[in-house]
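Naming follows writing order (A, B, C and D), and every chain is counted from residue 1.
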Amino acid sequence: MKQIHVGMVGYKFMGKAHSHAYRDIPMFFPNTIQPVMQAVCGRDADGVSKAAKQFGWNEYVTDWKELVQREDIDLIDINAPSDMHKEITLAAAKAGKHLFCEKPLALSLKDSREMLEAAEAAGVKHMVGFNYRFAPAVQLARKLIQEGRLGQIYHFRGWFLQDWILDPDFPLVWRLQKDVAGSGSHGDLGAHTIDLAHYLIGDIEEVVGMSETFIKERPLPGSMSGLSAKGSQSNEKGEVTVDDATMFLARFENGALGSFEATRFAAGHRCTNSFEINGSKGSVKFDFERMNELQVYFTDDAEDVQGFRRILATDPAHAYAEAWWPPGHTIGFEHTFIHETVELLQAIEEDRQPVPNFADGVKCQQVLEAVELSITERRWVQTKEL
Amino acid sequence: MKQIHVGMVGYKFMGKAHSHAYRDIPMFFPNTIQPVMQAVCGRDADGVSKAAKQFGWNEYVTDWKELVQREDIDLIDINAPSDMHKEITLAAAKAGKHLFCEKPLALSLKDSREMLEAAEAAGVKHMVGFNYRFAPAVQLARKLIQEGRLGQIYHFRGWFLQDWILDPDFPLVWRLQKDVAGSGSHGDLGAHTIDLAHYLIGDIEEVVGMSETFIKERPLPGSMSGLSAKGSQSNEKGEVTVDDATMFLARFENGALGSFEATRFAAGHRCTNSFEINGSKGSVKFDFERMNELQVYFTDDAEDVQGFRRILATDPAHAYAEAWWPPGHTIGFEHTFIHETVELLQAIEEDRQPVPNFADGVKCQQVLEAVELSITERRWVQTKEL
Amino acid sequence: MKQIHVGMVGYKFMGKAHSHAYRDIPMFFPNTIQPVMQAVCGRDADGVSKAAKQFGWNEYVTDWKELVQREDIDLIDINAPSDMHKEITLAAAKAGKHLFCEKPLALSLKDSREMLEAAEAAGVKHMVGFNYRFAPAVQLARKLIQEGRLGQIYHFRGWFLQDWILDPDFPLVWRLQKDVAGSGSHGDLGAHTIDLAHYLIGDIEEVVGMSETFIKERPLPGSMSGLSAKGSQSNEKGEVTVDDATMFLARFENGALGSFEATRFAAGHRCTNSFEINGSKGSVKFDFERMNELQVYFTDDAEDVQGFRRILATDPAHAYAEAWWPPGHTIGFEHTFIHETVELLQAIEEDRQPVPNFADGVKCQQVLEAVELSITERRWVQTKEL
Amino acid sequence: MKQIHVGMVGYKFMGKAHSHAYRDIPMFFPNTIQPVMQAVCGRDADGVSKAAKQFGWNEYVTDWKELVQREDIDLIDINAPSDMHKEITLAAAKAGKHLFCEKPLALSLKDSREMLEAAEAAGVKHMVGFNYRFAPAVQLARKLIQEGRLGQIYHFRGWFLQDWILDPDFPLVWRLQKDVAGSGSHGDLGAHTIDLAHYLIGDIEEVVGMSETFIKERPLPGSMSGLSAKGSQSNEKGEVTVDDATMFLARFENGALGSFEATRFAAGHRCTNSFEINGSKGSVKFDFERMNELQVYFTDDAEDVQGFRRILATDPAHAYAEAWWPPGHTIGFEHTFIHETVELLQAIEEDRQPVPNFADGVKCQQVLEAVELSITERRWVQTKEL
């Protein structure tokens, strides 16, 4: 069986999730093309060598420019900080490598379009890391909609609520700095909701939004790592340059109405990536904190037993379920990455573009920027303006 | 339209609930025989006169023996303390009055049988106050089972959990004294679960149980009233002579297995009167703390959308719903008494016995005592032994 | 004890709810001023006479103009169709009657302001029927916020979802006609959410909204009554002139962000009047379909036991609970009207304005119209513009 | 760092779960002794060779008797069918290997005691596979109880509900045959609940139980594998020799009351391994279908905010959480095996017995047999009788 040799740039939160996917695929999805964990790359030799050993990479390197040129590498997996996505992608595409880039694809729509063009020009496969699509419950929602079982869609309501920076003394990590992260909750969390809306409902025609930075200054961190801020904090404060919360209304091209909210200031919500969809024949509800469940309602149920059903998406009829455990034995966050990576591998095997790919990343970025423009200019913005 | 003139003995917790039912029936169920709140009876003239005025009774009296003889009374409603049920019932039956007796029918199976015989001999209508049958969600459960939509029943699981005497300093009210209350959680709470099991599943063949009094002594109360203990407590303690918790296993005559639990020591449960039933074609779950809801599962739902449905039993298809508000507008505890009373009035109108009647009260008492015998003799007991 | 003699105009859905409140108050709230159900008024003599008898009014009348002049009437309760609120109010105020007007106060901000002025000029008490404030769980949310237990408020998320006109063949009842109803989901449902936001968070500074009428034509109804459409439907169709769904974003004066949605096209939602509030110290969540519950989260809970608590607002510590049943015994939709009416009666007794009063009705109308203007002009609108 | 070389006997459902644990530990728990997947053993060379490759074992073998003698093996992991546990354990213990045996330890109490004695005599480490202890939410329940935060325990309610053999045409797989499986739902599911009760509450003094086989004959399967029955079914039927459901009451040595139920006939329950515990200071509730959550109630919460909290056991304060993902990012069924195996490896490293070990397996078996004796003799049985 053909193998795919992977070179990965980045090894923190997302790098760990991706590594685990490569590591577990041979066991749970043995019939697809198999990944080989060839080399992981990071600037800090100590850190990346430790990660390489722990995660199971054959080797570690510190220069991504070399890595993307290596002949023994088929796929470049990019989960370095967002401000590096573009440069690495362009170089890797040029070198003819398949591309697996974490979201957000880039810090700007312009950059992400350049990346898509480069990937297309190079004729390589390209995937963007919208992992939440790959929760089996989300796949079930998609299936019900695609099969017309919810009828015409009227409403999409999506919100991604977290509370990890609620404390004003939480330090100014890179995710709170616009030049590195691009945006705050909007690009970090909202991007996932936008992608789910694209996946489940379709394209967005116009948006109007608002956003806020509730805590405008925070202590400078000692050192930054992944989601947390290790080490001692400085007494000095710095300006938070991204949004703490962003909300917007949207009209979809198919006439559905949408509302979106992303915030890091929703006390009690650790990772409420949630949506509800209402159609003429039924509704679905999803909450990532109960990621194995989909709530489903059908208008044509018998009159005396109409109600939302709590579906545990672990039955043989559900996506990816047969690779795992018997019904009722749930899976977790990390499995979304495994399924996502399986899609990439299968796409390579079948010589087609994986879904979601860079075009989806661009489309998401387009909405993100349309919302930002709408906030700046305090008006409705057509996505096509951008 | 014919009217029923009611004389009620008792005016505390249950008296209030019954009074409210009589009071609201003309408004919400105007097409049945209408109750007239003729006279309420209590030993304490001050208390009962105040209650009469507040609840809307035409008059109050202090001598139930006179009341049951009055020609202007058609129905005697008995919600005095349990140790008085029998005497009042026998006198009222002898006087040819219809009977509406709160549960437990009596303090012993022997007494309750005597009451049933007296009622039958008198040829009057007799009802026992198992109000929880009359939650629309419970009625839906019954309907699904009766129509065969759950198939053959394999399991009944019923529990009634409260926590109001969890505090060891809660005083020794009458409900904790065997000579007045008959038993503790068993007769107070468990009786309701047993009745629901009879209503939903059928007769019980044999039982084996256990019980416990966790707090064996409590402060003597200053004065007793309804569920609460008002006034200053004594420093003296008295013995708790009833069970704090009683559990038992049961085999139903139709082959189903049952487990029952009643306790006043389940922290966090204010009024969890709950059951689950599993059949060959589906299941239902009920919790009185969400009394408008029934959870329903069907095995023949499509493979990818099998799950418990949360039915809000407020649609036109549900029992009593059309008397109330539009779908989704829920009702409360007191409505179970209204529905119960409507059943009584309709039965009188239709010249049939209401359901549940004294025979159901006897059957419940039979199981209660079978469980007690089983606990005393530490063995399985056939209900027919009693 | 002083009595308040009530004359009520209207006797359908809201008239029934109000009548029940007057009927039950003497039983459950005997220590306030007591209402006397003097006269109910409607145009259809047959209908209103039947209602008068069923609901317990002393008499019925068909001419509201006479009613508001009667010396034996202290309070005019207005729950006739919305397009009649203003005229009745002005006449009743002029006659010196206290006013209890269902929401929406009027069909326009201008009219509602006129009504407020008239009430103030007349020096009478005036209340507007935002009944959902009076669910004990909502009162608990208010209490927690007022006491600072949620800290600084960052987010308000409110939605009122129903599905009763999802069927395109549902007829064109008066609630779907702009000239009678003013607006659709926006004024009917959204008004409640706006009022709750005012009550819980404070004033709204600016809004931007969108709305849609999904089904633009519907069959003409045979006859109209309350929420339902009785009788045979016509083959003819008429235009739906109100919104099926309206959503908007809002910025509160205290800096909180808000999102609002009202729709009658959310399959599976019978009456999901729901909100969530996130503050610096905690969060609350409410859903009217489980109206006895409030979900509460506190950031200062011990680290290993942080989570949303499901509070059943039936304990003695909760508003109005002591008037009802023991903890865990829930109440229903109709109780919100009882509590609301108690507030009105207590205000009259204490010679103060009840809350919410016409000023709250005006403020709600102001936001409703600001949203409508925002939709028409496709821009953010300051509430102060109106 | 020291390594542990593992030889595993069995490679079906449990073998896969164990293999995955060995495979992922180096990545997520790099600081413990590391397992080496040396050899996997099965009777069917084709099957086991395929499994070895897929799961990542260095080699496969078909003779467990050779395997347990190999010098390059430190630990024998036994997840072959239950009727082989004893023989393999005795041989492996004699060879001085550490032991990791799936539950049930053996088909009889006598055998399991023999196994414990052999392990103790050999001076090796021994662990039994009660994996559900290792859900972080269960660990939290344990911690709360150990720290006295629930006070004195009054009630344990445990049930393990499944529905995978509800269909009468489901074939007679090995789990339905007493000679291979020992018992049905009792030993398969009930054993887990018993172990959780031991872990959380303490030792059981006496029991009384009942059980039933609802479907007494089933089609013979074509071939058997794990939980499912592959291949064509025979027209012939065979007798089901195990229980479909078993329930029992128990009294714990510390005075708590317990009720237990295991069934494979609870429609809608795929894997409801659930318990509730009530103490004098609080309560906890757990359901494995939402395995990341623990519901917790404390009696000393402020009066107006008392309610069950939904704790998501993914915060840094929770067991094993720091090895995984940020708060709110849930884990799944397989992680219980990883945690379990980490405990085994740490115990070996620290030269102590892991928990749960064979003594816990024996104690569980003792209760299982006490229940069976109680069913046969229809009486209460003291666990000490056995």
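As a working rule, a residue touches a chain if its C-beta (ideal position, glycine included) is under 8 Å from a C-beta of that chain, and two chains touch if they have at least 3 such contacts.
Quick caveat, the model's predicted, so the values are computed rather than measured.
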Open item on the list: Suppose chain centres are the mean of their C-alpha atoms. Which chain sits farthest from subunit C?
Closed with: D
Open item on the list: Count the C-beta contact pairs for A-B and for B-C, then tell me which is higher.
Closed with: B-C
Open item on the list: Taking the mean of the CA coordinates per chain, how far is subunit B from subunit D in Å?
Closed with: 41
Open item on the list: Just the number, please: Cα centre separation of subunit B and subunit C in whole Å.
Closed with: 35
Task: Length of the line joining the C-alpha centres of subunit A and subunit B, rounded to whole Å - done: 54
Open item on the list: Can you pull out the residues of subunit D that are in contact with at least two other chains?
Closed with: 269, 306-308, 312, 315
TODO: Write out the stretch or stretches of subunit D touching subunit B in their complex.
DONE: 150, 154-155, 157, 159, 161, 163, 166, 208-210, 212, 214, 244-245, 247-249, 251, 255, 257, 259, 261, 263, 265-269, 276, 278-283, 297, 299, 306-308, 378-380
Open item on the list: Per the contact definition, I'd like the list of subunit D residues that touch subunit C in the complex.
Closed with: 140, 143-144, 296, 298, 301, 303-312, 315-318
Task: subunit A-facing residues of subunit D, complex - done: 13, 16-17, 19-20, 23-24, 26-27, 30, 53-56, 162, 164, 227, 269-272, 288-292, 312, 314-315, 324-335
